[in-house]
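What follows are several structures.
Common to both upcoming complexes is subunit A, partnered first by subunit B, then by subunit C.
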Partner chain A sequence: MAGEVWIGGGGVICGIGDNLSACIDAFRNMATGAATMEYLSSAHKGTYPVVEVRADNATLAVRAGMPAHISRTALLSKIAAREAWDSTGLGELRNYRVGFVSANTVGGMDKTEDFFADYLKDPQSGQLNQVVNHECGSITELVADSLGIRHHVTTISTACSSGANALMYGARLIRNNMVDVVIAGGTDALTRFTLNGFNTLMILDQESSRPFDDTRKGLNLGEGAGYVVLVKDELKELIRTPWCKLSGFANANDAYHQTASSPEGVGNYLAMKGALEMSGLKPEEIDYINLHGTGTQNNDSSEGLAIERLFAPHYPPVSSTKSFTGHTLGASGGIEAVFSALAVREGYLYPNANFGTRMKEIPFTPVTAFSEGNKVHHVMSNSFGFGGNCSSLIFSIG
Partner chain B sequence: MSIYIQGTGCVSPLETAAEGPFPAVVNPAYDGARLKVSDPDYKQWIDIKQIRRMSRIIKMGVAAAKLSLQEAGVEKPDAIITGTAYGCLDDTGVFLTKMINQQEEMLTPTSFIQSTHNTVAGQIALMLSCHAYNNTFVHKGFSFESALLDSIMILKEGKSKHILMGAMDELTTHSFNIISRFNRFKKEPVTHTELLHSTTPGTVAGEGAACFVLGTEKGDNSHARLTGLTTSYKPGSTAEIAADIIAFLAVHEIAQEDIDLLITGRNGDSEGDIWYDHVERTLFPDQAVGCFKHLCGEYPTAASFGMWVGCKVLSSGQVPADVLFKGNTPEKIKKILIYNHYKGTHHSLILLTGC
Partner chain C sequence: MGEVSITASCVIRQHRIYRNGELLWEASQDLNLQDFLRAAYDRFSGQYPKFHKMDHLCKLGWLAAEVLLKEPLDYPPAEVGLILANKSASLDTDLRYYDTVKEFPSPALFVYTLPNIVMGEISIRHGFKGENAFFTSDHFDTELVMSYVQQLFDENAVGAALCGWVEVMNEQYEVILHLVEKEKQGLPMNAENLQINKL
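Right, the complex of A and B next:
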């Protein structure tokens, strides 16, 4: 495809940091995020640790410059999107044709579940302002309106791979000359709905999750938002420090089960292979893989076997940053895209926390310590999820 | 490069899932400002054991997908792309209700699993064993249009032959109750012939699923090309949207008088219909105008039903009497412009050309 797409910047808010540099410090200090629930109200408070953004909605609202009564999903989104834009040095948004492609899975569910408790008692009760932004798309529009973006605004929801698909669609918008820049990524707030949903699937760990460890028991849910700024080639000179290029991406479907991954990771394999093909890279040229790595038995095994099939015998360093951030669902593809793109710029390798024992079924182990100044020219970021949706992105040095 | 509509499939309040001419209106009087899908026999496409677990949106979506693939003669598409504003509302409501009533205890996973917005696209992939690109857009009144744009961009890359795309939204008792509280629907009784001439605010709620197989080659059952698509988010005025339409036609090198039929998303809401009044009056005063929302009801992805109607008009060469709102059926129908807006905030233009 014609037209390079540059990563001009990025922003993250999640349970290990209020901004990107705080997150990097957390990796450096091995400061993982799983803890007892403090802001979400749930019957499972004492049972399942979560990785919450350490601020209440009133505090986030001040930072976001938005009303405190709106969904936390929107507040997180605005904070990370703003950080991403400011990091580019591109100046005023209104000087460009800007797209905002944001993914989420919960929309305004954090408010809807409060509304619904009242509504179920009496269909005429419940405050309407709690349910007016229930739709996933509403969250995106609240933030787009607040940032002043009108050229192209849309929302993607493909469960845990949502954020990665936002980057693909954003890159296509640029290559089709529909916009000059796209703020692309995802956001999700913790809700009782998702916590209880994952609980019914029996894939929540009661301790800190241990991705790619043989003794792994499940995932920790997290929350947050992460966006990169995709910039068309012609504007590259205006970026403060171009991080890297988005050199490849692919989306494939596992077509195996509505929630479980196929044992051999067919969809994972096809997504990684497709992304390599688009980038024109050979597997041995990948310097680091940011794993999907949720920490469930099934997910990690499928991903590990798919990596083995594609990469053997040249295994690049791999790690799951979800061992720090928890699984932030619709945000994870966006957050991990930021980490992956920054890894190319800075030569970072991120650690996989809580690792002790190699998984029996695969011959490689994840990186366990933070390091910088490595030769990191090409990074693959994996996001796989419900509905068989599997996506891989590749970031390459410019 | 041309993009052909190789197959279409639709489940709506009309009996659109059956073959044959444009279906008659089943219930001319609305049931309390609400139109419900006329369910076809889903056993034609889905295993009976699966049907029992599926909510309506999944069944509708799968049926529309299978119908469109059948018409296109395609077994496995090279991409599956859906749009849904509300997603799987019924399963969401079921899980939410149990979670609240049972104080977060003793919950079962089925409704949670099926509540995710990509359930329909995932289910179609599963049924077709289709490992191809799979995406779902959930952006209110642009959910369908974003899915269309994604399809167009992927076809332009030249690696995909057939893309299955479509949109689906279901109306549930809860969603109807809640949206009613925002005064979106008519309070007085209304019939399908009266709705479009209504002078009061509000419309009629609807639902449905419409799918299309798009490809770069003309299929055996292709009667239309998708020649243009654009969207406008929160245009400032009717004059701005009129200017957008003129610019859109200019990009496609089409004069206003080349449009043989204008199809609008008119829905009987006196506040929202002023957009259509303006466009009809100022840009297309001499053209025939068709409408579709009195047949499917209003919902964020209703433009997909509008596009299905446009395809039917091009394949039959006729504007069904129930669709024709203004003017006479043109002698030849080659170009159709579909102008839709949702709540005045999401405006879209779709250009279809007969082939």
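Right, the complex of A and C next:
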């Protein structure tokens, strides 16, 4: 496994901002995103706040340069992937062997739901072209075609760790010299399917979520997309401003339950430990952890205990940016990778909103204010998914 | 490249449980599926309370693996693969779950509304961490399963694999589960031996 993998840039669209700098402004101003749903149509509209991208599909389609009738998941993906690429200064995509590794969990479900509204009333009605991009991989293909990426295009769908796993896979493509650069991350649009599923699991909060707070009641669903551009060492000089390196990553599984983490966070611990081992860092060298921090009882407790086991007594600053963006599922690992990599470049520490009371079972509390110019050399980003699929990434100063 | 062969099989059909072609146990045909599964659990296990939370698909697959793997396998966890197929995916549970949605959506049923959960339950019970895949097709596509399993062995991705058919829809069910290994005494892996129509 030869060569460093550089983060050459990144792009984000989510409920707190249409682009990365708008998101950073939201952190700076403590402007969280949870609100009454406006674009998603659901029976739970008045019950559960969500964190929506504040634009209808027609508006997003213009920005994406794609047709307005395709899935919102693809529109969000294209906008963030384009921002990520443009931020690198690498010029034309066609000059490189480019990979696109894009995660998502809902695919074109938003359009499928529209189809079924008509179809269930009358099996002879319903626009079949609304279901042709139902499958997760189809979204990636649409965006890859639109961007003109052909060398390596693939989709990862491992629930909430999908986006982080896309970075791991992309880094391995580069280390094995299969491509020169990879746009890696994830995308997900809000759908009734996901909202109803999380509602069934009884892990949605009716108020703004409170990750790592003792009074937390659940998560807020969000939507968006986030991508970094991974660049091989030989092209480093061409990047406008290399952000940092992807110095370590690991994936592990709890093998415990379909949706819950093991109480002691076995998979979480193994993922963080594995990422540290690959990076050659000691726990006390980590300057900030971007938590998975969904705000559910189960996740925050498991993640907190796993951090205690690995880091005690040297707890780095930690926070969950999901307290701003909501849980964007397949996109979250990508969005948080962008925030984490930028934190290394800029010395940012992101705030954990809505924090009031320390969790009884762990001895540390999250950062609650935005700050910049900090010494942030190594950042860990956690993403833990259903099925026990646990991933951890480490970004390090170059 | 060593020969791949079927070293053990379990069939559960019509309230009868077979191992390697031999009838091990038979329950009254009067039992409904739920009671049959409970009786089979008492007969072959009795030490795994989580069984009672499972849906019928998981119970069937889990029981077959229990019967098949009387002695624990001697392979590293990551070297045991799991390739299963059926016709109805998790529809049996999907419909039960959907029935609850009108009143109060059941989290207990919801977490079984995917067919591959049965592979998770088997993996958790036996500690398997190898490659797995679940296919749905109208009939047991032995060609597909056979070639997939062969590929895993050819690529040295596995040292052993469990493969077969785990189907349930309402009261209709059928399980055919095989242990496949390399360079061991057993039956050749072919369509006839995978299908086991004779029992």
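Operating definition for what follows: the second predicted complex is superposed on the first by the 393 of 398 C-alpha atoms of A that agree within 3 Å, B and C clash if a C-alpha of one lies under 4 Å from a C-alpha of the other, contacts with A are read in each partner's own complex, and residues count from 1 in each chain.
FYI, a contact is a pair of C-beta atoms (placed from the backbone, for glycine too) under 8 Å apart; a residue touches a chain by one contact, two chains touch by 3 or more.
It should be emphasised that the depicted structure is a prediction, and the values quoted were computed from it without experimental measurement.
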Clash-or-fit label for the pair subunit B, subunit C on subunit A: clash
Partner chain(s) touched by A:253 [first = subunit B, second = subunit C, both, neither]: both
Per-residue contact with subunit A, leading partner among subunit C and subunit B: B
Touching partner for A:294 - first (subunit B), second (subunit C), both, neither: neither
Touching partner for A:191 - first (subunit B), second (subunit C), both, neither: neither
Touching partner for A:154 - first (subunit B), second (subunit C), both, neither: first
Partner chain(s) touched by A:328 [first = subunit B, second = subunit C, both, neither]: neither
Among 5-13, 131-139 or 329-337 on subunit B, the segment whose C-alpha atoms clash with subunit C after superposition: 5-13
Residues of subunit A contacting subunit B in one complex and subunit C in the other: 196-197, 199-201, 253, 255-259, 387
Subunit C contact footprint on subunit A (complex, rising order): 196-197, 199-202, 253, 255-259, 387
Touching residues on subunit A, where the partner in the complex is subunit B: 1, 42-44, 105, 107, 112-113, 116-117, 119-120, 123-124, 128, 131-132, 135-138, 140-141, 144, 150, 152-159, 165, 169, 172-173, 175-176, 192-193, 196-197, 199-201, 250-259, 266-267, 270, 386-389
Contact footprint of subunit A on subunit C as seen in their complex: 101, 105-107, 110-112, 114, 117, 120, 123-124, 127, 129
Complex interface listing, subunit B residues touching subunit A: 80, 85-87, 95-97, 99-101, 103-105, 107-109, 112-119, 121-123, 125-126, 128-140, 142-143, 146, 150, 153-154, 156-157, 174, 177-178, 181-182, 231, 233-234
